[in-house]
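In the two complexes that follow, chain A is the common piece, with chain B as its partner first and chain C second.
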Partner chain A sequence: MTRSLLGLAFRATVGTLVLVAILGPLTSLLIWSLAERWHWPAPFPQQLGLKYWLRMLQGDPLRALTRGVGIASVTTVLALLMSVPVSYLAARRRLPAGPLVLALFVLPQAFPQLPVFASATVLFYRWNLAGTIPGVVLIHLVGGLVYAVWTLTAAFRAVGPELEEAAVNLGASATRTFFRIALPLALPGVAASAILVFLHSLDEFNGTLLVGAPYVTTLPVYMYTASLGYELQIASVTALILMAPGVVLLLLLERFLRAEYLAFFGHL
Partner chain B sequence: MEVRVEGLVKRFGRVPALAGVSHTFPAGALTAVVGPSGCGKTTLLRVLAGFVRPDEGRVWMDGRDVTDLPPQARSCALVFQNYALWPHMTVFENVAFGLRLRRLPTREVEQRVREALALVELDRVPGIEGRRPRELSGGQQQRVALARAIAVRPRLLLLDEPLSNLDAKVRHRVRVEIRALQRRTGITTVYVTHDQEEALSIADVLVVMEGGRVVQWGRPEEVYARPKDPFVAEFLGSTNVLEASVGRDGAIQPSRDGRLLFRAEDVVLLPADATPPAGSVWAKGKVVDCLFLGAVYRAYVRVLDVVVMADARSPASPGPVVLAVPADRVMDFSHQNGEGAAKETA
Partner chain C sequence: MSRWERWAWGLATVPAVGVLVAAFGLPLLQSVGASFVREGRFTWENYAIVYRLYRQDVLYTLGVAAGGVALTFGCGIPLAGYLRLRAWPWVEFLLKVPLFVPFVVTGHAMRVFLQPSGTLAAMLTAAGILPPGARLGIGEGWLGLVLALTWKHLALVVLLLVGAFRGVDDSYLEAAQGFGAGTFRQIWAVLVPMSATSVALALVLTLTSMLASFSIPLLMSRGSGPQMLMIDLYYRFGQHGDFEVASALGVVSYVMASGAVYAYLRSVTR
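The block that comes next holds the complex of A and B.
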């Protein structure tokens, strides 16, 4: 009896702390996003309103948002088109030097990101890709492909090889076996990796700033510029908007991402 | 379809899975390939299916060399140990897969799926065609796998340990059904199993493999009654092994070079003071334990410092006995002792 009471108290305390840790900053963001006038040292804004939210839904911020979604969509499609075949062959150990190829995809992540992106930017200037949307997509693919290749390799490995052999045995070609058996069975993994790549691209900041500025501005870059200009309200609104797709997609991800996909992560 | 393999060798790394297998699988017969795990039987099956390309040797089907043909071009269907049913397809779609690949008209696909399901006696389960594999029992999944294989009317049916994932009751029933199905369709069948009882009961021809080779083949009764070497004798049935030889009066005497094998069902236990019947090989022993197996009682008898099994219809009470085996039921491998001993330690 005492034990369960103690346990209850413990859980309540932990729960409250977690809630405060998560909701605290969020509340602060929310208040800031609604503050039309807030002078120090008042504990609450003098004037609340939707001014900054309304400003957000037009002009530059909205354009940054739609552009970011567009870039993320293109990045996702390209990443999947490239990584589905590579991952499938790697999972079936039919890729020559498969482990090496897989390692290659992690390589950019193994180094500090800024130098990698900075030197990429230099190259992009030479190739006239700096400040263009294709350039930003390319830089997003660097990180996106890592997520895509590793989750997809795991997803394809989770499809038992005998399921494909059964199809081949009955006369199915390699292509048909892939499209009728392997791909449908790995579909949850494909969805998971699409979500990961999309979120990565939507929230990517370093590379976007280096390669895209000043012509290509996505929301994270916009938020950065806004907070540099001490427009904390705009930064808060942007942050909240950026969080929305993340939360929704992460909830979806939980449905698709099976534990075994992550278990393979990092296995060559 | 007659299937002939000659000189098959397959190495995985340095270990040979097949070390020179030559055999002819007769057309229309059910050949059971049996052996301990790692004897190469599954590799042999995968070579026949075309999934494994042998390092050496050829495979002929009806006189045609198919060694270099891909799996798709061979008219054989394989039933996998874990069934390998596609979880994202219904039972109907699973069975129809091979038929649709052959571009049969929809009407015929439907008819042949129904036929195949009837052959495996799944037609009496209402609504089974629309169900997914995970909604079926193990026995039903096994039958769907079988139906999927025979629906394409293969000329060679390959079964890889098809019953090993079923519980004992279902296993015995499905075994009888597979036997009946094979008889009815006359499809040349190769059935791989590690279970010697299953192999003996189902086979027209029994092939015993060990260490990547065929050690003996023939009618099951023949192989069981006249094993060619100690390995086959020990592998089939409940076999006792004694390092001993037979004296002039039929008495079993310890002997370093001797090797006598006899099966538990051939042993007769007599009272300690009885004279062993004429024409029998015998020894004095002591019953140490007796288990009730259902159909028989199995007595464990200490003889020459080893414990041998003896099956009888009535229980044996602990204590001294005379153990007798009809002389023609004793397999004397004394001359092969060295080889047999080497195999045992390997």
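The block that comes next holds the complex of A and C.
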């Protein structure tokens, strides 16, 4: 009896701690985003309202949002088109110079990004890509390709070679087999991969800050500028908009997202 | 595959490889090269400058990352172990939430949460724990950084560890229970040793990510005192326009990340 009471007390304590620790910082974003007037040291804002949310619907923030969505869409399409052949060959162990090529697709995860992106900025200046949208897409493709190749390789591996072997035995060419059998069966994986790449590009900050400066401002860069300028309400509204797609995804797809896909989100 | 098809498929992999070479491989090599050059000549001078100006920041970075890893795993191992042994769906769900919160957003959220007159101070004041008007000092120093980094990384660590722990067969746990092992004994004596490889991998990845963290310290930064290495690199590059010393700082960070590089490469060649 005392044991179960102790267990209950333990669960209540740990549960409360987790709740406060995880939701505390996120709640402060929400409060700040609604605080029209908040003079310290009052524990809560004197006046709440949607003023700063409405301000997001116009001017600079809206431009940053639409530009970011555009960049993310282009990045997603390009990343998927480019990574499908690599992933399919990798899944079937037919990739020329396999381990070497695959190493190229994991190293961006392992190396610190910032020095590499700083160096990329120097190169992009030489190639007239710095401060341009194509330059930002190119830098977003680094992470995007890594995510796409790994999720798609897993997806193609899960399809299994038996059906393809049957098709080949019936006289279909390898390419026809790919388009008629492997690709349709792997479509759920392709969709997951697209979402991942899109969110990566939408939230990407380090590369955009370096390569995009000073002309290309996406939402994360806009949020950074607002936060450093002590426009905490504007920054908090932007922060909530940035995290919204991911959290909605988590709520809707929790049971469908496999752990190996989820793990990729930790790097966003 | 016919010979024609083999060529076509090989050619189709060229764009992806090309992009990574141009936007990652070449810049990586260029930064290593630039770290040994000053005014067009080979020199160790950049590293001498790093030693002179930034050696304390290197130690600070190592300290913050070590603190973050200790706190992350100090919380993550018991939590993941408990979630493996007993179902607790809503806590497992909550712990996943930071996975979807980008690093920059985490930095800003922690800034408004932990700053001296931030929301945490307001909540503690409202709860009567802090006297009215008191300021909280943790957001500005190393502790605020450790808390913010832990908040972001705990989700991934719990996810990886729960996955690894679920791979341990129930029969081992039942045997341990038969000998009278309680929850914590089962975690420490069965789950952790039997998933040692996964735990070590998660540890290396977390450490590297924290050493190379940029947006979180950038958003929580203050003007003075020791800085994280990536902040130094950013200002050296952006404000001083000193790509050579910035590259030397970068190479120092590559060396710090070599554990993760090794772990990732092994996962491909296996």
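Here is the rule we use: the second predicted complex is superposed on the first by the 232 of 268 C-alpha atoms of A that agree within 3 Å, B and C clash if a C-alpha of one lies under 4 Å from a C-alpha of the other, contacts with A are read in each partner's own complex, and residues count from 1 in each chain.
Everything that follows uses one rule, which is that a contact is a pair of C-beta atoms (placed from the backbone, for glycine too) under 8 Å apart; a residue touches a chain by one contact, two chains touch by 3 or more.
Since the model is a prediction, treat every value here as computed from it, not as a measurement.
Between chain B and chain C, C contacts the larger number of chain A residues. Contact with chain B, but none with chain C, is seen for A:167 once the two complexes are overlaid on the shared chain. Look at A:230: by the touch rule set out above, it reaches neither chain B nor chain C.
In the superposed model, A:184 lies in contact with chain B only, and not with chain C.
Residues 173 of chain A are contacted both by chain B in one complex and by chain C in the other. Interface residues of chain B, counted against chain A in their complex, comprise 49, 51, 71-72, 76-78, 80, 82, 84-88, 97-98, 101-102, 148-149, 152. By the touch criterion stated above, chain A contacts chain B in their complex at residues 160, 162-163, 165-173, 176, 180-181, 184-185. Here chain A touches chain C in the complex through residues 11, 14-15, 18-19, 21-29, 31-32, 40-44, 81-83, 85-86, 89, 94-96, 99, 101-123, 138-139, 141-142, 145, 149, 173-175, 203, 205-206, 210, 220, 223-224, 227-228, 232, 235-236, 239, 242-243, 246-247, 249-250, 254, 259, 262-263, 265-268, going by the rule given at the top.
Contact residues of chain C toward chain A in the complex are 1-2, 5, 8-10, 12-13, 15-17, 19-28, 30-31, 34, 79, 82, 88, 91, 93-113, 117-120, 122-123, 125-126, 132-133, 151, 153, 155-156, 159-160, 163, 208-209, 211-212, 214-215, 218-219, 230, 233-234, 237-238, 243, 246-247, 249-251, 253-254, 256-257, 260-261, 263-265, 267-269.
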